[in-house]
Amino acid sequence: MAYALQQLINGLTLGAMYGLIAIGYTMVYGIIGMINFAHGDIFMVSAFIAITAFTLLAAADVTSIPLALTFVLVVAIFFTSAYGWAVERTAYRPLRGSTRLAPLISAIGMSIFLQNAVQLTQGARVKPIPPVLEGGVVLWDAPGFAVQIGWSQLLIIVTTVVLMIAFTWMITQTPFGRQQRACEQDRTMAGLLGVNVDRTISLTFMLGAALAAVAGVMVTVYYGVVDFFIGFLAGIKAFTAAVLGGIGSLPGAMLGGLLIGLIEAFWAAYLWAEYKDVATFSILCLVLMLRPSGLLGRPEVEKV
Amino acid sequence: MKKTLLATACFALGSLSTAVLADLTVAIAGPMTGQYASAGDQIRKGAEMAIADINARGGVLGEKLKLEVGDDACDPKQAVSVANTMVNRKIVFMHGHWCSSSTIPASEVYNEADILMATVSTNPQVTERGLDNIFRIMGRDDQQGMVAGSYIAEAFAGKKVAVVDDKSAYGKGLADEIAKAMEAKGMKPTLREAITAGERDYSGLVTRLKQAGVEVMAYGGYHTEVALILRQAQQAGLQLTVMGGDTMTNSELVTAAGPAADNVMFTFSPDPRKNPDAAPVVEKFRAAKVEPEGYVLYAYAAMQLFEQAATAAGSVDYAALEKAMRGGSFDTVIGNLAFDAKGDQQAPGFVVYRWQGGQYDYAQ
Amino acid sequence: MSAIVFAHHSMTPAERLRDAGWVAFVGLVLGIPLIGLTTVDVGGRLAVDTRFGLLAVFVAAAFSGRLALRWALDRLRTRKLARDRTSTATAADRARGAQRAVNLLGWIALGAAVALPIFYSDNRYVVDTATTVLIYVMLGWGLNVVVGLAGLLDLGYVAFYAVGAYAYALLSTQFGWSFWEALPVAGAIAAGFGILLGYPILRLRGDYLAIVTLGFGEIIRVILVNWTELSGGPNGIGSIPRPSFFGLEFARRAPEGEQTFAGFFGLEFSAMHRIIFLYYLILVLALLTHVFVSRLRKLPVGRAWEALREDEIACKAMGMNTTHIKLSAFAIGAMLGGFAGVFFAARQGFISPESFTFTESAIILAIVVLGGMGSQMGVVLAATLLVLIPEFGRNFAEYRMLLFGMAMVLIMVWKPGGLLAHREPTLRLKPLDTAARGREGAR
Amino acid sequence: MTTLLSVRNLTMRFGGLTAIDDLSLEVPAGRITGIIGPNGAGKTTLFNCLTGFYKPTFGTLRLAHPRRGEIRLEALASHRVARDAQVVRTFQNIRLFPKMTVLENLIVAQHNVLQRASRFSLAGLLGLPGYRRAERHAIERAAMWLERLKLEALADHAAGDLPYGIQRRIEIARALCVEPVLLCLDEPAAGLNPRESAELNELLLYLCRELGMTILLIEHDMSVVMNVSDHIGVINYGRKIAEGPPDKVKHDPHVIKAYLGEDDEVGEIEGVAP
């Protein structure tokens, strides 16, 4: 029981992280209907920015953790959004309106490019920082097994929940959200009605990147170790999460992320850890067979 | 159907390959890009220094050495491509590849082209295929696993031990050998697990270890994962001692795992840095701001091996060189090298080390 | 004339400078965290190192690069406009011209491919790289059936390649089958997997299909890594027999009672014999694939694939069983992938799961899309490019994959429809030549 | 006058929404039957039920096939409706295969015949005479329809590049290549100019009168419906509100009310206005 609870906490943390990255996929998909394969690498870039920022702070002898976290978050969000913007501007915008596959290939190329650019500029070595948030609370001291939630785990879960609420509010209540949804439904029409489509799409990419930046900072705080390869697996898992939840749906991305985190945690806890990915993908297949648009996706009515 | 493009490409490449024939060309190959690029980096630094030193002594048989660097990114297909490139560049000696899964297919290409190679790949298969051109200057996983397994069975008797690997050819091979050696000594692993390298979250594994009351984890795989596991174990309040293989020599482990790295033990050949004969070379590396850890000195030694074998043979012809290498005994920075019929290093001797405050040293 | 040509918007020098300045600014922002700052390991701890000189070079390069690019683009556009105005060629003429050029290119390429080993008979690297190109060409043609013709986005194509490779590896090492015996069986097994994958995802469309196929590829790979008893796990399978030349082995010494290729023909043994034989073998396999796929395209099933890509609902309304059409596309694509896998295993002599990662799928897909969906010649062109870019890049060592990624983006942005986007109809009511003659007569 | 298709108590619900409510209708053989009704009345839903794209919640659709006897359409999947029952449709928002040529579009429509002749592509791959003959026949048939619909000059053009009015005609030609027993046209005049519309009238009359084809026609353009239909069914809110020859329907008070309702777009609905 204690063991299961601990695995639940692990799964939730992992799932929250997947969810944060998945929202980036889902927002971009919603607005221009493409899979932004480079999103995982944007996340990786943000983790590197966070490492640099943390190291700078350590050099400046900043010891206040809240202050440090805020600074790193702001820095990471700023630069990562710039990356999100630049990627969209160079690799995707020229391809808008062409076939569905062209931006996909361009995105794969971008992903390879970013990975190698980071490797070249920052080195292939693993980048570690000393633990930022150590320790945690013991939730339940069961005999022989203490269930514990680390501060950094708590931070991840809380941040994710807060961001989720903020984003839902933004998409449903603000003028930007309205424009964003308008572009999702019909880009041409939105343009005709005076929505600046290019700007809205750019902003969407920047927001997605900003969320990836938050995830990047969280990863740095939680794992303390970053290398140029982390974007790949995280990207694939988050993409899976976005599809599982129904690509294009914000709550879906979050739900998908949590589900995948939990599936991985519990499958690895009770069954064969090495077949964890097989389980994840099989469940995805099953869900899609029953609900071809994912869990919370709008079912595509076959318009005849 | 094909390639006007390729035709032009071929001309370009053809001219390239003839351009480099002036000196004796030797090569290294390994993962210069990709996930394991830091190992490739070590190899290159070691080899570059060795070539510089050899050339400063006047080269081999009066000719200067020239170094070619091949990048296989630990991908078997690219490894074959690299091997072909190297054959075309008429190299006389290859130090590499690094990943066993690259070394195995590439060695067949070198074998057909009559090129000698010295590798640090530890998979037994590397020398078990009856190829006469391959020499291993490192121990084998089975020897390594045996040393680690017996050590665990003796030093941690009565404790619960988990055996974990990362599903790579190297990691799984090592972990299997460790488990076998432990069982031979009458100790059964409490858990036998596998993880996926490249992931970041091992909290599931850590929780499982904690649940099972495991205190010692024997690990087959690379240092990055060990650092993550240790950090996450610490966070979960689990005191874990890790026993790993030669990959744990990488100082990244210490930077990444922090103080928890003091709980890492591993097997490795006797430390070349402790070799008194190597002291000047070690100093030289440190002066050049390169810590001669891991594979740096092995790469250096491989080049020394070539230098001495060629000098002994008086030629760089394959047959003569092969005979010299198989029969000879060579003094290198990693100690004395001599090979058995398969090409394995005689008396490789693994020792158990422990990290301590950022340095590793023999475990008591 | 020139007045008309320059009527389109052209930038003033001030605008150009401002534009380049903006790009340089973006370069600066992007460059600060990755180029300007870097972390280095100082005795077990990280410290920040600055490289502002490098950053300045980068920003300057961005500025001047942008200026040059704009200038070049404007020049190109002006020229193109001028050409369009002077040229009176009709769309039909242009299509015919394109078709002729592609045909010509095809024959030249075929000639080059046949002649290549003759000119490079002692250059192992060239022949081997050409063999790799041909493997990708074959994979591209196989995936072209699924993605280019049937329009089903498949991100897990490498699974079938793996199935073919492992099928041959197991059949040959465990049961002693020869290459030629195993080839059709392995193809059939791969086709079976294609149908296996096809069934559950019949209802899925577009990107949902993409993620499930991606998942399928990963599942196959994870199983290969973990099912050690079958696949050798991460160690892979080694010592896979090479194909023989009608029973003649390519070896230095023949086994008891057999002859080697070199011995039979009275040649001196050379490792190149096998390399060249393998090259011609894959050339023949690739050509057969080409003939097979081109013929299929002109058959009802091929037209049905294309119709499926164009409009699935209309297909149903025409009484076509879309289930069968999709499954046949998956099965045939998988079979061709399986053949390529068999050859790959036979050529490498050693296979392990590391050869069958998602990146491989992505590259094969990139070949199909970069080449121009559905275009057979486009696949050849794209495969050649994508194999040769990293090979050339070897001279640039660590920059090579960077260049590769950049090239993928640039080609796509430059030609979003692919390098050869022209589609040749499967049949014509009036053959082109007679149509042309008719018009010329009318003039 | 024999009945080709009889619709009995057809009901189609989507969740809470009832798109078709207990609709019964007879389609006489060899005639043109028009279905009219205001937007959202359920006309296209009726077509979708008929051609297997929707499974009706309730009701029967019996087709008296001249050679195969009675066929229950509601039990068939969409492709079988076209293949086995030979009920073929066009779409309101044209669904051609845009990148394929006009001729290819028409050959694809003969897929089932050709596929059988190609014997799982084997005969086709080998180029056996049986398949070649079948292919020649298919091209001849396509050429015949192209000629009759005055499209032969465009045969080798990509269908998607052609003007809207021509695409409509191609879609009809493609449907004709399936050899329909019942041809269902979903707003074939939508988006056509008056001249094209008149040509369409001629074409429909030609198909029906000269070739004896049965046509079921959904249309908004009253000039087409009233001029060519032998028989008209009017539906509104999923129910049939009137049925009969054009003249009778034109003066039916229910129809006038459904069409005119409270607002006064009298002039718009030419032919219905009294």
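By letter and in written order, the chains are A, B, C and D; residue numbering begins at 1 in each of them.
Rule of thumb we're sticking to: a residue touches a chain if its C-beta (ideal position, glycine included) is under 8 Å from a C-beta of that chain, and two chains touch if they have at least 3 such contacts.
These numbers were taken from a predicted model, which means no experiment stands behind them.
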{"item": "Chain whose average C-alpha position is farthest from chain C's own", "value": "D"}
{"item": "Of B-C and A-B, whichever chain pair has more C-beta contact pairs", "value": "B-C"}
{"item": "Geometric centre distance via CA averages, chain D-chain A, whole Å", "value": "49"}
{"item": "Chain B-chain D separation of Cα centroids, rounded to whole Å", "value": "72"}
{"item": "Mean-CA-position distance for chain C and chain B (Å)", "value": "34"}
{"item": "Whole-Å separation of chain centres (CA-atom averages), chain A against chain B", "value": "36"}
{"item": "Multi-chain contact sites of chain C, meaning residues that touch two or more partners", "value": "41, 45-46, 225-226, 313, 398, 401"}
{"item": "Contacts with 2+ other chains: residues of chain A", "value": "116, 119, 125, 128, 130, 274, 277, 302, 304"}
{"item": "Chain D: positions in contact with at least two other chains", "value": "53, 91"}
{"item": "Chain C residues touching chain B - in the complex, by the definition given at the top", "value": "41, 43-46, 105-106, 108-110, 112-113, 116, 119-120, 123-126, 128-130, 132-134, 137, 225-226, 228, 233-236, 238-239, 271, 286-287, 290, 348-352, 354-355, 376-377, 380-381, 384-385, 388, 391-392, 394-395, 397-398, 400-401"}
{"item": "Chain A-touching residues of chain B, taken from the complex the two chains share", "value": "33-35, 37-38, 40-41, 167, 193-196, 198-201, 203-205, 207-208, 210-211, 213, 224, 227-228, 231-232, 234-237, 252, 255-258"}
{"item": "In the complex with chain A, residue positions of chain C that touch it", "value": "26, 29-30, 32-35, 37-41, 45-48, 147, 153, 200-201, 203-208, 210-212, 214-216, 218-219, 222-223, 225-226, 313, 358, 362, 365-366, 369-370, 373, 398-399, 401-402, 404-409, 412-413, 416-417"}
{"item": "Footprint of chain B on chain A - complex, ascending", "value": "3, 6-7, 10-11, 13-14, 116, 119, 124-126, 128, 130-131, 134-136, 144-146, 148, 150, 152, 219, 223-225, 227, 229-230, 232-234, 264-265, 268-269, 273-274, 276-277"}
{"item": "Chain C partner contacts - residues on chain D that touch it in the complex", "value": "51-53, 78-84, 88-91, 95-101, 103-104, 107-109, 111-112, 114-115, 118, 121, 124-125, 139, 142-143, 146, 152, 155-156, 158, 174-175, 178"}
